[in-house]
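We just call them A, B, C and D in the order they show up, numbering each chain from 1.
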């Protein structure tokens, strides 16, 4: 298959690199700043000097872009790639966008004779690198099956969760769990310190218990190091909590703990921790 | 070794039964209601008709009792077993009690020439049965090593977390994580239902993600079945959250989310769900 | 002066009736459903059969409409009245709308050579009737002074709080205080009942103390009567709390209590109390 | 009547001074540190050099002491005054203590042939000085009537709220309203600042609206001055919120907002504001 990958940031560059391991496919890549393209060229990808050039002749087009605005511009803007895609080709959007915008992308793609999959990922830099992401797919089963072999090079779990838009909806649930679980863990561990346990002991012990989500192992390491190397910036998590809160209001499902979590992350953000990993909410609470 | 086990309730009976698998030891058991003693006798234990009779000649005495009051009465009351223990014998208290009472037990035991371990467990009926409990031990390393072979028949993890009292303190942290994680999961899943995912799909999917604590697999099953078979009653979890809240106040460590969680569990309890498993907080929120 | 009043609902009809008491002015009124116009005609107003007819020749135009959408349609829609206003005439918008829309109205009015005041009111049916509303004015001091004599027939307090849009911003603060204070009062009174005080005693006593906001006297009466005759529907209060929450996020000012209050009102709304007065949050908590 | 007053701290000294204005009564005063006694002697009171000496021959004994421990020691300790009181004399305890301890005092006083009133006050230094306190009385109507003329020199409102212990219970409700209303006001005003209103404008305006409790006028002045001159220390308010929370748990009445308020005051206390007036919670939130 001819495959295109557009968007080579922290996540996308690592995902594309794993895609190169798939046999029998040709990968063309594009990124707005050209350095990332050169890097992937060295690794074996074919460079494209525009999004349109990247998708020309492609059977499958992956996008990993930072926000709905960027997707809108790169896909549908003045030199948007959607118009250059082959009839019947499949666009797999891995960017995290809101469910309603995803459904809009799906409709506009279909109206142009294209196929579309909503494919946000759970997981950050490290699983992107090791090919252990979780894909949350919204769209048609047939389309999912077509790209599954490609996705398996980038991810460990390929979950088909519903129609287009449901991938993004499910991603929202995943981020809700991440944000709140991180906060619950932080508050509990800080009480543990007051009760006489050392930070190191707590960070080595709690994440290995069945009451603790597996992602906390990596976060516990950040806390031990006191170095909140950004996997997922706190300010973006706050934005996601706000989106969640609006969705909860629209759906008439009050979320007691998520609303409160938003206040605490908001306080941490105002205290200047927005660019740190969201695990820095621990640091914020430790100081106050 | 001669081993005694006092308290054969839901947990204790299963733990004692696993202890019988240890070789080269003799197990004497006692329980206030005699039926449980007969059951264990059939399985190979020697029955005792009083706590004092059970501990006579024992090197190690396990207790698994329901509250500090019962421990006080059985250990130190009128026919309390502590006076009948051999000099230098080791009392391993697996009952969940508060840290300060534990330290008191330790002091009183030592004053009588005994040794003491604080040994609350994480895990409920099923891991008690399969020998997969987690032991949270407070006390001296030497004493921990002596009983480790016995504990390994009952538990999968043997964590020595500090001096006497620290086992109970750590248990409090574990329960804090349990209660809040359950609630975060419930609220998030209920929003998921509003977003169009089926309960069955959510309960099959979310607990397998790295953002979800492993204990939720079993709770998800309860939710799917709509049958909150009691592993850990909601009203006891509420009591633990209250104890946690008091401890947080004493330690000057505000716990935003745990305090709010207490309000929600309190509401569920007032709504009549106190005797159900604490996972019934999902049911409460689903109804309101 | 020639005065027009558009929008004769629960609030507007009472306000217009009070305006009739001002001497030396002529009042023309318009409402989409004509019954309200007839009622005011009987009281001495001149009827108009369209918004445009009402504003023709008017020096001052009051609007009291239910939402931004209605303001948009009546003022700027196909037969919108703004085009029919005299050059230099003053539009006083008493409708509660969000600050940004208010600023937009101000700009569009000025672009057409009109003057504009943002004039939301604090107070509900009864103070509207007795002329005891509080006006929260945003706009130019000169314009405020011109209409002050008219406003004094409808309101007891005329607060000029800033430029156009600030009236609406201030109104948001007032509603935030209303919603949260009502909830704090409800929870506290319900604990009082558990402590042995009768509902009647509490409702007679607490609102007379300096720790209680004056508006609670009227709410306490609703609670005593168990009859939540709608002054301000709970579902609208919930909508205002959502708008507040979004504003707080935009302004990077976490609001711990307001976010939680939104969850509790949301729960009361889901329980079916949305059409009752927002004081029914007491009833909701009393039942759960 | 012969009247004794024991405890001449910030509150007691001002109250006793107002009592001197009552005609036809003789006032004997005692305080542990003698300076306060001298001050009152100059104002016309008779000094006593012990609590027992103060109550000898007294018809009515007022106490205004800082905690249950001090009441226990001064009233029932080694040289406790209770034993020295005349048969049938009336003890009016104005100290703020918990309801259960109050009922215990009542029982022990009655067992010795004395009468007892539970008489905590609402109001701080300034109303104590101007005789504008609110008395919250628990006890027998007959006893209330006997001391009403005396109380009216010290307070503006004399509320007889129930049997002994109910004064303290009611006081708990009053403090719950104070703490939460202060916090709601603070968060709302801080959002107001972000929306472009000046602190001075907000502090001059909001407290005059019917949505704002009257006590906030004085607190708004503290905020304007940025000087949290202690009327009621934040750390004591936190203690009261903790007592409230425990009571709410015992009474099975979850208090969503009060529990969260406790977390926020706890954070302010940990940030070093415990000795400031509790209005300093505004300052805490302004900084974070």
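The rule is short, and it goes like this: a contact is a pair of C-beta atoms (placed from the backbone, for glycine too) under 8 Å apart; a residue touches a chain by one contact, two chains touch by 3 or more.
On a predicted model such as this, the values are computed, not experimentally measured, just so you know.
By the document's definition of touch, common neighbours of subunit A and subunit B comprise C, D. With every chain reduced to the mean of its CA atoms, the largest distance from subunit A is reached by D.
Counting C-beta pairs in contact across C-D and across B-D gives the higher total for C-D.
Distance from the subunit A centre to the subunit D centre is 56 Å, each centre being the mean of its Cα atoms.
Between subunit B and subunit D, the centres computed from C-alpha atoms are 43 Å apart. Measuring from the averaged C-alpha position of subunit C to that of subunit D gives a distance of 38 Å.
Shared contact sites, meaning residues of subunit A that touch two or more other chains, fall at 248, 252-253, 255-256, 260, 263-264, 267, 270. Interchain contacts join each chain to each other chain, per the touch definition above. Across the interface of their complex, subunit C is touched by residues 99, 122-123, 134, 157, 159, 161-162, 166, 169-170, 172-174, 176-178, 180-181, 183-185, 187-192, 194-197, 201, 205-206, 208-215, 244, 247-248, 251-253, 255-258, 260-261, 263-264 of subunit D. Every residue of subunit A that touches subunit C in the complex is listed here, in rising order: 242, 245-246, 248-249, 252-256, 259-260, 262-264, 266-267, 269-270.
Interface residues of subunit A, counted against subunit D in their complex, comprise 256, 260, 267, 270-271, 288.
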